[in-house]
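Below: a set of structures, written as structure tokens.
Look for chain A in each of the two complexes below; its partner is chain B in the first and chain C in the second.
Take a look at the complex of A and B:
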């Protein structure tokens, strides 16, 4: 199967997944108690008023009809109008999406920068103090809630030292300001994944370092650094890529907590506010966007596999 | 020798260079610009939803709007006293029977963005939009006039079917905040909600969703010499802990303190100023007065005696809770302390229960929302009730379910609930809404299904009379009756507490939780 055909096949496979996600989001939010119009209008509202607003937002229609109209809207990239703000949902999402992508990417870069070297160092120094130190650190990283890490980082680096800003995301037109605002949230988001990657890299590397071809490479007098990074790590990286792909998807969902703690604009925070406000159209729109991002990341991961391990073919995956 | 500021900047720069590389080092400056540049940054919990005065519903919206729009009848900052200086109206006067309110606008008031002078055309246009677009205001009888008679560009009269003295206070809320009619037409209603134009102390500049709302000083503001600050930025920060660190870092200059622990820590600091006031709000545990055993006033009185509300205020919310004499907050007009009160007295509670035939106690279900400020006092009261043999089974519900059940009245058989109600300086509307027997949910706010004929009569008389002494007596009677025949346990009037950097001046906590910054400045 050719590369293009494979990509097309995976994209087509993603469509029913997205439809299923959208459908679940549509029905689930309607089972949450609380009518959005009643909540929007406050505690004391006239029934006539509520009915007229329900009519305006199509909430008086039978559920199946609301569903059909909703699906048609998505096909035409019309995500509807926010019940709370009256603004177009797609524009609300697009205003925040760059910050979420930036945060998820930043978190993953931090995770890779810390996790892979830590895992390799631990594997090479197996059963030594360095190994124990890295593994204890990784255990702490996996066990510590990210919101707590975030708050501590804010307390120390923003509150006490004043090195980084505690809140906000900076202007998209100013890359330096963006990076300045990104450091603490990205470290917070990346800590958990870095710990996982470190543990996985270590165990994968230990397995590979015992292989005959690694011993043979050493016997041929190849430098230890080349043996580790070129011969061993290349082969140990396949399971790491799997985890990176999976957790990059999770990182997108994980931004919800980080965006809330660091008061950053983002799709996750928009989703949270919309759930509390029973803003159906926005919840649905953000869920769809997050699902599409998740699916896209997984697709990219599968493609990267084939580059890292030539044994994996398009048919296999 | 380096000044403290330079030294701090140097430390900052060095730390960043080490921690983040040269790329980040150059970007460090006065982050947020909250301090010392005439730029004031204020924390809010959430981003605004709608800045059109006709449509706004929540505190965040109102707080921002109060700086962009000027009201027809303004309040002195931090009080419930009308201020002619801060009003768009030069004069406002009722006729003898209180059915007509004549407004005379100040001449020469200019809107932002060159939208020209404020006239009665703008007032009429705004009121029309409220009557058409915000039926809630009409439903609550807040602006339910029969006709608006426009005399000239600066004079108009609101004509009501019945006396409507409370409307004076409503004109200090968004109902009286007038945007230019042309701007709403030009910009479009949807767009206007996030690009507002008013005649207030600050002009809208930019909104970055979930990040900040920027305003700048309006040079032609009608109060001479104001505003003091050059820029005003509202920054939504959901987490209190983050907000506190942001305050410590100087990113924000003012924020509302929501926890007693945080308040205690801030009060110990020399570089922080605190401003506070009792809010126009009452937190209470409410009985359903139609359901046995709460249909017996002695049982309701007994639980009032059993409730140690002082312990709740002092232990759970030290420094942030004002003891309530009655349901009405201290700054509400005609508020009186001349009412029966219930000191903590479990023995008296047991006597009353015995008189009511519940000497062996009883058991009931108490619906409580999953919100700390309600579930925490409910747990204390639960243990208080147990001391007199009354077993309250707390049924914790998420806010959506709770609201749907209690507030919109889908279930009229919930024996007890816990809630808080905001009030206005004029008691007419909120007291009638809360205690008149006709105002039960879903159309009204009588969540306790309170039915007291005397109170109904006094409410009807008080809200339709214009004689001040008579109104004071009638509202006094109502407060007395509602304490004597209590539909609930009044826990506290929540204090609104704000912390600000020590060099910020001119900001006062407001009983209605408005945040007005036109007099706020930075001291040298």
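Take a look at the complex of A and C:
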């Protein structure tokens, strides 16, 4: 099977998964005990109000019809209207999506900037103090709740030092303001991933540094620096790159809590607000969007991985 | 020769003795490494604090002293008080209880559901595997946190619902692990042999498959304890998990957030407490992983 057909096959395989996600989003609010209209609107004794609302949200239709209409809506990018604001759900999500993508990307950049050098330094100084230091740091990094890191950063850098803002995301038209607001949340999101990347880079580098071609490069009198970065890291980076995509997927979900801590107007915070506000059309829309982003990133990672690693045949998945 | 297959016939003395020896040797291996010692000691210590909470806590974690609100750490209140004048130290000591409870129950739910799904799927194969495999794939299409969030949103926020939600969200990971192990084990000769002498599927699963997937599930369960505790703290922090006035570490952080500039001690100490518990489980999980190196599993170690 050629790579192109493999891509097609994987994309087609993702479609039933996405349909399942939308189906779960449809049924989730129907599993909530009680009548959706009453839950969303609060108890009202006025039968006419209830009926008109049921009609407006199509709840007077048979279930299969509601389901098909819901599916059709998502297929045509019509996610329904918000109960609270009366606005179209898809446009509410689109307005917030840039902030979420910015945060997830920022977190990954921080994770790579810290994780890769830390892992290389640890591997080169294996079993020395520096290595121990990096490994202890990485262990603390994976053991610390990210939202707490956020609170501590707010305490120090927004409160005591007053260098960075504690809340908000800035205006999309002002890059400097955006970056200024992004620093603390990105560090908060990136710490966990940075720790994972550091551990992985270290073990991958240690494996490569023992290889013959690295020894040969040294023997040829090539400077240690060049050996480490050009010969060793280039090979050690392959397994690291492959997991970065998977971590990126997780970072997308991680934004939910971080956005709440820093009061950033992103998709995750919209999800939380709508859960508390019982604005179910918005809950459904945000759940679908976050899950589809996650699936897409994982799919792309898988494809890049398959293309990059000649050992994997397209058949086995 | 057809053997009866009640639970007690299958889990015989020989098996229990083997299990005991195995656990004994694993604990020795774990204690040989630095991280293993530190992890085990931390977990034992935290568990002891949790059990002895009523003895150790200087105050009732719920009792409010309105004259001592937002008191900074001093000799009366070692870690200060919150906005209701409740002692932070006492709340953290009881918080360990809640955290361990949440970790054990939710991971237990995840292991139970996941292992059954995975073992059945891997052992039987065919259409059973197709269906369960699809289900696992769909659950894995949601990030861990998002899945837990959706389930809690449907069930309603409470500590029980949160434990169920976190458990279900972890289940596909355990299912995937158990499925792979069960598949490998089911192809081994001793399983075909057991099948050929007429042992029932149930007794084969309990006697041969479960012991073989046991070690890798234990390692993953230990590592998931840390994740489950962090995710639960996050859900409680967001207001979707443990409800006030129960002293959970995530809830104390949520309280502390409102007074972060005025009373930073409310935020600092419980966070460090979470790090301690999670660090303990991560170290122990790492050490167990090294000690039980799955690559060296030859199949019938437990027999």
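Heads up, the rule we're going with is that the second predicted complex is superposed on the first by the 275 of 317 C-alpha atoms of A that agree within 3 Å, B and C clash if a C-alpha of one lies under 4 Å from a C-alpha of the other, contacts with A are read in each partner's own complex, and residues count from 1 in each chain.
Simple rule for what comes next: a contact is a pair of C-beta atoms (placed from the backbone, for glycine too) under 8 Å apart; a residue touches a chain by one contact, two chains touch by 3 or more.
Nothing here was measured: the structure is a model prediction, and the numbers come from that model.
S.K.: Here chain A is shared; do chain B and chain C fit on it together or clash?
M.R.: clash
S.K.: Applying the document's definition of touch, where does A:260 land relative to chain B and chain C: first, second, both, or neither?
M.R.: A:260: touches chain B and chain C.
S.K.: Looking at the overlay, does A:2 come into contact with chain B only (first), chain C only (second), both, or neither?
M.R.: neither
S.K.: For A:62, decide between first (touching chain B), second (touching chain C), both and neither.
M.R.: Neither partner.
S.K.: Of the partners chain B and chain C, which touch A:221 in the superposed model: first, second, both, neither?
M.R.: In the superposed model, A:221 contacts neither chain B nor chain C.
S.K.: Tell me which partner touches more residues of chain A in the superposed arrangement, chain B or chain C.
M.R.: It is B that touches the greater number of chain A residues.
S.K.: After superposition on the shared chain, which partner residues are touched by A:154: those of chain B (first), chain C (second), both, or neither?
M.R.: Both partners.
S.K.: Between chain B (first) and chain C (second), which, if any, makes contact with A:177: first, second, both or neither?
M.R.: Only chain B; A:177 stays clear of chain C.
S.K.: Please report the chain A residues shared by its interface with chain B and its interface with chain C.
M.R.: Shared contact residues on chain A (touching chain B in one complex, chain C in the other): 32, 151, 154-155, 159, 260-261.
S.K.: Residue numbers of chain C touching chain A in their complex, please.
M.R.: Spelled out, the residues of chain C in touch with chain A are 137-138, 141-146, 149-150, 153-154, 156, 226, 230, 233-234, 237-240, 253, 256-257, 260-261, 264, 267-268, 271, 274-275, 278-279, 282-283.
S.K.: So in the complex, which bits of chain B are touching chain A?
M.R.: Contact set of chain B toward chain A: 8, 11-12, 15-16, 19-20, 23-24, 26-28, 31-32, 46-47, 49-50, 55, 57, 135-136, 139-140, 189-190, 193-194, 208-212, 235-239, 241-246, 248-251, 398-401, 403-404, 407-408, 433, 442-445.
S.K.: Which residues of chain A touch chain B in their complex?
M.R.: 32-35, 38-49, 52, 84-87, 92, 95-96, 151, 154-155, 158-169, 171, 176-177, 179-180, 183, 259-266, 269-270, 273, 278
S.K.: Can you check the complex and tell me which residues of chain A touch chain C?
M.R.: 17-18, 20-21, 24, 28-29, 31-32, 139-140, 142-148, 151-152, 154-155, 159, 249-250, 252-254, 256-257, 260-261, 271-272, 275-276, 283, 287, 290-291, 294-295
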